[in-house]
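Here come two complexes built around subunit A, the first alongside subunit B, the second alongside subunit C.
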Partner chain A sequence: MRKDLVRLIASQFGKGVFKSRAMLPIIGILLLLLAYATYSGIQYHDQNHFREDHQHMARSSWENNPDKHPHRMAHFGTFAFRLKHPLSVFDFGIESYTGNAVFLEAHKQNTVNFSEAGFSTGMLRFGELSLAMILQLILPLVIFFIGYSSIVSDRENGTLKILLTQGASWKEILFGRSMGLFIIAVLLITPFFLATMIFLLTEDHTVLGDWARFALIGTSYLLYASILCLVTIAISASSRSAKNALIKLLGLWLLMAVLLPKVSQAAGAYFNPTPTKLEFRAAIEEEVKKYGDSHNPNDPYYNTLRDSVLQVHQVSSVSELPFNYSGFVMSQGEKISAEIYNRHHDLLMARYRLQNLPAKWLALINPYLAIRNLSMALCGTGFESYVDFQLQAEDYRYMLAQKMNDLQIKYISPSRLSGSEGKRDVLNRETWKSIPDFKHEFMSLSTALKNELISVISVLLWLLLSLWGVQYLSHNAKAI
Partner chain B sequence: MWTYHQIRLELILFFRNRAYVGLMLLLLILMTLAAWNTNLYTQSKKEQTSSQLALVRANDARLVAEIDSLNRGLATYESSYSLPTSGVRLTYNNHRLAWLPIQPFSLIAIGQGDLFSNYKKIVLYFDDSYEMASEELVSPLEQLFGQLDLTFVWVYLLPLIILLMSFNVLSIERETGRLTLIASQPIRLSTWVIQKIGIRFLTIYLLITVFTIFLLGFFGVSIKSNLATLGQLFIMLFLYTAFWFLLSFLVNLCGYSSGRSLILLTSAWVFFVFLVPSVVNQLAKELHPIPSRLEVVNHHQTMYNEMENNLEAEMEKLYQRHPDWRSDDPVTADLSNSTGWNIQYLGKQYLAQLKHRAVADNYESVVEERNTWVENFRILSPALIVQSALVGLAGTSSKYYRSFLRQAIEYADGYRQYVFKRVFTNHTFTVDEVKSLPRFEFDRTRVNKTFGRDFMILLVYLFGFLLACYALSKQTLQIK
Partner chain C sequence: MLEARNLSKKYGNTDALQDLNLKVGQGEVYCLLGQNGAGKTTTINIFLGLISPSGGTALIDGVEAGRKGRTNHLIAYIPEVVQLYGNMSGLENLDFFSRLSGHKHSQQQLGSLLLKAGLKEEEHRKKLSFYSKGMRQKVGIAIALSKEAKVIFMDEPTSGLDPKATNEFTVICKELANENKTIFMATHDIFNAVNVGDKIGIMKEGRLIQSSDTTTINAHELQELYLKTI
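Presenting the complex of A and B:
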C-alpha cells in the first residue's frame, strides 16, 4: 500500500466533503449542540458546590448540637453526599437516576434518595443532552451521513473504475477514504474534548488521575470514531446503491444505539426481577425480628443476653454493671441489623449486576454499548461508582452509630436503664466535633477499568474486526 | 380522480416490495415484544399490590382474632406493647395501604411505573419527612436505558419505519426517469403522489390499530368497556402517523435526491424525538430549579428539635388544638409505660409535622410549577405530546403518581385523626373498630386530562404541514 496515495485519497475526500454545502449545516448543528451540552455540563457540575455546601451545613448542624445524650445524637444523624466527579461534566451517566444524598442514622439504613428522576416528568426518559451523548449517538449519524456514499457513489457514476484503472488499488482507496472520513470525525470530536479540557483546567478539584481518565476517554472515543468510519466505508463499498448503504447504516444505528440496549436491559430485568422496596425492607425487618426485639421487655433473645452479661460480671441487675447496659444492647442490635442489612444489600446489588449482565456482554457485539459503559465508568458516573458510594456511606453510618453507642456505654450512668430524653445524662457538645466527617472518595481508575474490561476488549476487537472487514473487501469488492 | 385500478396496482407494488413487508413485520414483532414486556411488568405490579393488601388483611385478621381471644378470656398479655386492644399495638403492627389501581390500558405504557410504587404503606407514626417520595427499587441502568413498551415503539420507532417507507416516493421516480413516463399517463402527478403516500399511511395505520386491538384482546384488556380510551388512543396514533407521513411528503416535495431526503428526515426524527425533549428538560431544570429536598429534611429535623426542647408547652398546644385527645388516665402520661411513651412519641411527630407542612407544601408547589412549565413546552415536539398522552391513557404518567401520592397523604391525615383520638385517650379497641378503620380509594377524576389540548396541538401541526405541502406541490409537482 502506497502511503502517499492513501494520504492523497484521504485529503481529496476531506476536501470534497468540506466543499459540499451539506457539511455546513451539519457542522453548525454540531457546534450548537456542543455549546449547549457544555453549558449544561457546567451547570450540572455546579451542583457539586451545592452538595459541598450542604455537606458543610449538615456537619455544622451536627457540631452545633448542644450537650446531649449520645443516643439522641445517633438519631439526630447526618447526611452523606455523593460528589460529582469533575469528568461528569462530559458524561452524566446514571446520575439523574440515582440519589445524591443519604440520611445516616442509628438502627436504620436509608436508601440513597433525592434523584432528579424522582420528581421530574417522563421527559427525562428521552435522554439527557451531554457531550458524551452527542458523541455516542449523534456523531455516528453524522459520520454515516458524510460517508455512506463515499465508495458506492463512485461506483454508480463510474469514477471508481477510472480510479482503479489509473493504478490505485482497492486497499488504497478503501483505507484512503476511511482515513479521510476519520480526519473529519477527529475534527468534529476535537471541540468536545477541548471544552472538557478547559473545564478540567479551570476546576479546582482536578487531580493528576483525572487527566489520565481524560486521556483514556479521548483515546476510547477516537477508537470508537475509527470503528464507525471503517464500518461506514465497508458498508458503502459492499452496497449496490447509495440509498441502500444509507438504509443499512441507519438500520445498524437503530439496532445498536436504540434497540439492543433497551432489549438487553429488559431481558436482564425479566430474568432477574428485583424485590419491591417494601419487600426488601420487610425481609430485613423479619430477619432482625428473628434475633429479637430490643424494645420488647419480654424478648427471649435480649433476656438471655442480659442474663449472660449479668453472670459474667456477677451482679444481679443491669444497674450494677460497670457500664451502661442500654448502650451495650444497642451496640449489639446495631451489629446484628447492620450485618443483615449488608447481606440483603449485597444480594440486591448482585441482582442489579445480573440485570446489567446482558448489556455488559452485548458490548462485545455492540460498540455503542461498549463506549457507553466505558465512558460512564471513566467519568465516575457509572453503576459501580454509585454502589461504591453506598458502601462508603453505610460504613460511615455504622461507625457513627457504634461510636455513639460506645460513648453511651462508657460515659452514661449504668443506673440509667433506658431512654435518652431530658437533660440528664448528657455529653459535652465538644464531643460531637471529635467525630470525623463523611468524605466521599471516588473509585480508583484501575478499579473502574477492571470493571469495564469487557468494554475495553470490545472496542479493541471491533477495531480489529472493522480493519479486517475493509482489508477483506479490498480483495472482494466489485468496481461495477 | 383515483380509480380502483390505480389503487390496486399501487397496493400490489407496495406489498411486492420485500423491504416494506420486512419493515412492517419488524414493527409487528417489536409491538408484540413490547406488549409482552409491559404485560409482565403490569402483572408483577398487580401481584405486588395484591400481596401487600393481603398482608394488611392478614395482620388485621390476626389482630381481630387476638382481640376476640382476649375478650373470651382465652389469652392474657403482660404488656400494653403486645396487647391487641391497645393503641401501641395498632401503631406498630397494623399499617394501612394506599394503592393506585392498575388502569385498563396500562398495557400501552410502563411510563413512570418503573420509578414509582403503586402502593404506599400508611403508618400512624411519621416515617418520612418527605411524604411525596415513593421511589421503587430499580436498577439505575434499567432506568437509563428505558423500558420497552408500546409507547416506545410508537413514539420512537414507528416514525423511522414511516420515513424508511416514504422518504423516496417521489425522488426515486425522478432519479430513475419514471416520472416523465408517469406524467405522460392520464393521471395528475399530485393525485398519483398523494395516492402513493396515502396507501402507505393507511396500510401502516390499519396495521397498527388492528394489531393493537389483537394485542389488547390477547393480554386480557376489555375493549368493550374501554371504547372511549381506545378511541382516544387511535386518534393519537392517527395524528402522529399522519404527522410523519406529511413531513416525509413535504421533504419529498422539496425535490432533493433520495439520500438527501433521508438525511433530512432522519435529522428531523433526531430533532423531534431526542433533541427537543432533552433541551426542554434541561431548560426546565435551569429555569425552574427545585430547591434541595435536603432543605426540606433539615427543616423537619429542626422543627422536631425545637419542639422537643419545649415539649411540655407544645404538648399543651396540641391538646388545645384537639381537646378530645386529652385524657385523665394516668397511663397516658406515664413515660415508663409503652402507652404513655407512644402517645408522647406520636404527639411529638405530629406537632413537628404540622410545623413542617408549610415548607413541604411549598416544595411541592415548586415541583408542580416546573412540571407545568414542561407540560406547556410539550408543544415543541409531537413526540412529546403523543408520549405524554399515551402514558396518560395508560395511567402511568407522573401526573397519575403524584395525584396518587397527594391522595395517599390526605388519606393518611384522615386516618391519623381518626385513630389518634383513640390512641391518645388509651381507648380499648374493639373488633368492630378494627374492621371499620378508614380505607383508601383512589379518585381517578382528580388527575388532569389533557387529551383535548393534545389533540388540538397535533391538529395545528398537521394543518401547518398540509398548507406547506399544498404550497410546495404547486411549485414542484411538475416535470423538470
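Presenting the complex of A and C:
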C-alpha cells in the first residue's frame, strides 16, 4: 500500500465533502447542538456550587451546635452531597436519574435523594443533551450520511473503474476513503473536545488526573469514530447500490443505538427484578429487630453482652463500669445494624449489576454500548461511581455514629444508663469541630477503567475487526 | 498490443464470453459492435483486470491482464458516462487522477492536456457538475493522456453525445491513433465505428462472429452486415 496514494485519496475525499453543499446544514446543526449541549453541561455542572454551598451549610450547622450529648449529635446528623466530576460537563451519564444528597444519622442508612429527574417533568428524558450523547448518537449518523455512497456511487457511475485503471489498488482506495472520512470525523469531533478543554481550563477543581481522563476520553472517541468510518466504507464497498448502503447503515444505527440498548435493559430488569425501596428497608428492619434495641441497655438480646462485660471488669452492675455502658451497647448495635445494611446493600447492588450485565456484555458486539459505558465511567457519571458515592457516604455515616458512641463511652458518666440526658451530660461544642467533614472523593481512574474492561476490550476488538473487514474487502470487493 | 486468446467468461450457467480471439496492433482503433449483453463490456472489463476470465488469456503488450494491476500503467479507461467528481473542477479532477497514476503535472501542463483533449481554457476551472457529457468525455481523454497510456479502452463513448460532440470526439480519437495509441472501443454507433476504426468486430451472445477491416467496408455495408448478423 502506497501511503502517498492513500493520503491523496483521503485528501480528495475530504475536500470533496467540504465542497459539497450538504455539509453546510450538517455543520450548522452540529454547531447548534454543540452550543446547546455545552450550555446545558455548564449549567448542569454549576450545580456543584450549589452542592458545595449546601455541604458548607450542613457543616456549619453541625459545628454551630451548642454543648450537647454526643448521642443527640449522632441523631442531629449531617448531609453528604455528591459532587459532580468536572468531566460531567461532557457526559451526564446516569446522574440526572440518581440522587445527589443523603442525610447521615446514627442507626439509619437513608437513601440518596434529590435527583434531577425527580424535580423535572418527563421531558428531561427527551430534552437532555450532552456533548457525549451527540458524539455517541448523532456522530454515527453524520459519518454514515457522509460516507455511505463513497465507494458504491463510484461503482455505480463508473468512476471506480477509472480509479482502479489509473493504478490505485482496492486497498489504497478503501483505506484512503476511510482515512478521509476519519479526518472529517476528527474535524467534527474537535469542537466538542475544545469546548470541554476550555471548561476544564477554567474550572477551579480540575486536577492533573482529570486531564488524563480527558485524554483517554478523547482517544476512546477517536477510536469509536475510526470504527464507524471503517464500517461505513466497508458497507459502502460491499453494497450493490447507494440506497442499499444507506438502508444497511441506518439499520445498523437503529440496532446499535436503539434496539440493543433497550433490549439489554429490558432483559436485565426482567431476569433480575429488584425489591422496591419499601421492601428493601423492611427486610433490613426485620433483621435488625432480631438483634434487639441497642438504645435499651436492658434489652434481652444484649444481656449476654452485658454479662460478659461485667465479668471481664469484675463488677456487678453496668454503673460500676469504668465507661458509659449505654454508649458501648449503641456502638455494638451500630456495628450490627451497619453489617446488616451493608449485606443487604451489597445484595441489592449485585442485583443492579446483574441488571446491567446484558448491556455490559452486549458492548462486545455493540461499539455504541461500549463507548457509552466507557465514557460515563471516565467522566465519573456511571453507575459504579454512584455506588462509590453511596459507599463513601455510608462509611462516613458509620464513622460519625461510632465516633459519637466513642465520645459517649469515654466522656459520659457511667451511671447514665440511657441515651441522651438533656443538658447535664454534654460535651463541649468545640468537640464537633474536631470531627472531619464529609468529602466526596471521585473514583480513581484505574478503578473506573477496571470496571469497564469489557468496554475497553470491545472498542479495541471492534477496531481490529473493522480493519480486518476493510482489508478483506480489498481482496474481494467487486468493481462492477 | 492487445490480444485475446480463447477468452471466455461465465456468470453461473450463462456464457458472457466464449472463445474470443482477437489481436489489435499498436496505433490501431478497434471497434466492437453488438447488442446489449453481447459481451463487449465483459471483454473490456477483462482487459482492464476488473474481472477474471473463466478461461483463456487477455494480453496487453504481452503482459497478462489481471486483478493485480500489472498492466495498469499501460491502459486508460473512458466509460460511457464520465462522472468523476462533480464538486471538483476539470483541472482538479485531472490533477487527482493523473497523480493516482503516479504522474505529477504542473497546472500549466494539466491545462495543456485539457486543451489537447478539446476542452476550452475557460472551462478548466468550472466545477464538473456544470459540464456537459461531451465536456466530461474530454476530461476523461485528458486523464488518459496524462498517464501516457498506450491503450485506451472506451465503452460506448459517443452514446448520448450530440453530433458536434461526436465529431469532436472522433477527431480526438484519430489524433490519439496518430500518436500511436491503441484504442479499443465498444460502441453501438456504426457510422462512427467506420469513421474512426481500423478494425471492426461484431459480437453476438458472447461470440465474435464477424471481423472486418474498415478499408474494405463502408458504413452502409457495415450496417447491412450488422443487421444481418444480429
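Quick note on the criterion: the second predicted complex is superposed on the first by the 464 of 480 C-alpha atoms of A that agree within 3 Å, B and C clash if a C-alpha of one lies under 4 Å from a C-alpha of the other, contacts with A are read in each partner's own complex, and residues count from 1 in each chain.
Here, a residue touches a chain if its C-beta (ideal position, glycine included) is under 8 Å from a C-beta of that chain, and two chains touch if they have at least 3 such contacts.
In this text, all values refer to a predicted model and were calculated from it rather than measured experimentally.
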>> Is A:E441 touching anything from subunit B or subunit C once the two structures are fitted on A? First, second, both or neither.
In response: neither
> Of the partners subunit B and subunit C, which touch A:I247 in the superposed model: first, second, both, neither?
Replying inline: first
> Thinking of the overlay built on chain A, is A:E430 touched by subunit B (first), by subunit C (second), by both, or by neither?
Replying inline: neither
>> With both complexes superposed on chain A, which partner does A:Q12 reach: first (subunit B), second (subunit C), both or neither?
In response: second
> According to the contact criterion defined above, which of subunit B and subunit C contacts more residues of subunit A?
Replying inline: B
> Of the two partner chains, subunit B (first) and subunit C (second), which one does A:Q166 touch, if any: first, second, both, or neither?
Replying inline: second
> Just subunit B (first), just subunit C (second), both, or neither: which does A:L141 touch?
Replying inline: first
> Between subunit B (first) and subunit C (second), which, if any, makes contact with A:V263: first, second, both or neither?
Replying inline: first
> Between subunit B and subunit C, which residues of subunit A are contacted by each of them?
Replying inline: none
> Which residues, counting only subunit A, touch subunit C once they are in their complex?
Replying inline: 5, 8-9, 12, 15-16, 19-20, 157-159, 161-169, 479-480
>> Per the contact definition, I'd like the list of subunit A residues that touch subunit B in the complex.
In response: 22, 29, 33, 36, 40, 43, 50, 54, 57-58, 61, 76, 79, 93-94, 97-98, 101, 103, 111, 113-129, 133, 137-138, 141, 145, 148-149, 242-243, 246-247, 250, 254, 258-259, 261-266, 268-270, 273-280, 295-298, 348, 352, 355-356, 359, 383, 386, 419, 421
>> Quick check on the complex: what are the subunit C residues that touch subunit A?
In response: 45, 48-51, 69, 72-73, 75-77, 79-85, 87-88, 96-102, 140, 143, 147, 153, 155
> Quick one: in the complex, what on subunit B touches subunit A?
Replying inline: 19, 30, 33, 37, 40, 44, 48, 52, 78-79, 81-82, 111-112, 115, 117, 119, 121, 132-133, 135-148, 152, 156-157, 160, 164, 168, 172, 258-260, 262-263, 266-267, 270, 273-275, 277-282, 284-286, 290, 292-294, 297-298, 301, 305, 335, 367, 371, 374-375, 383-384, 387-388, 391, 397-398
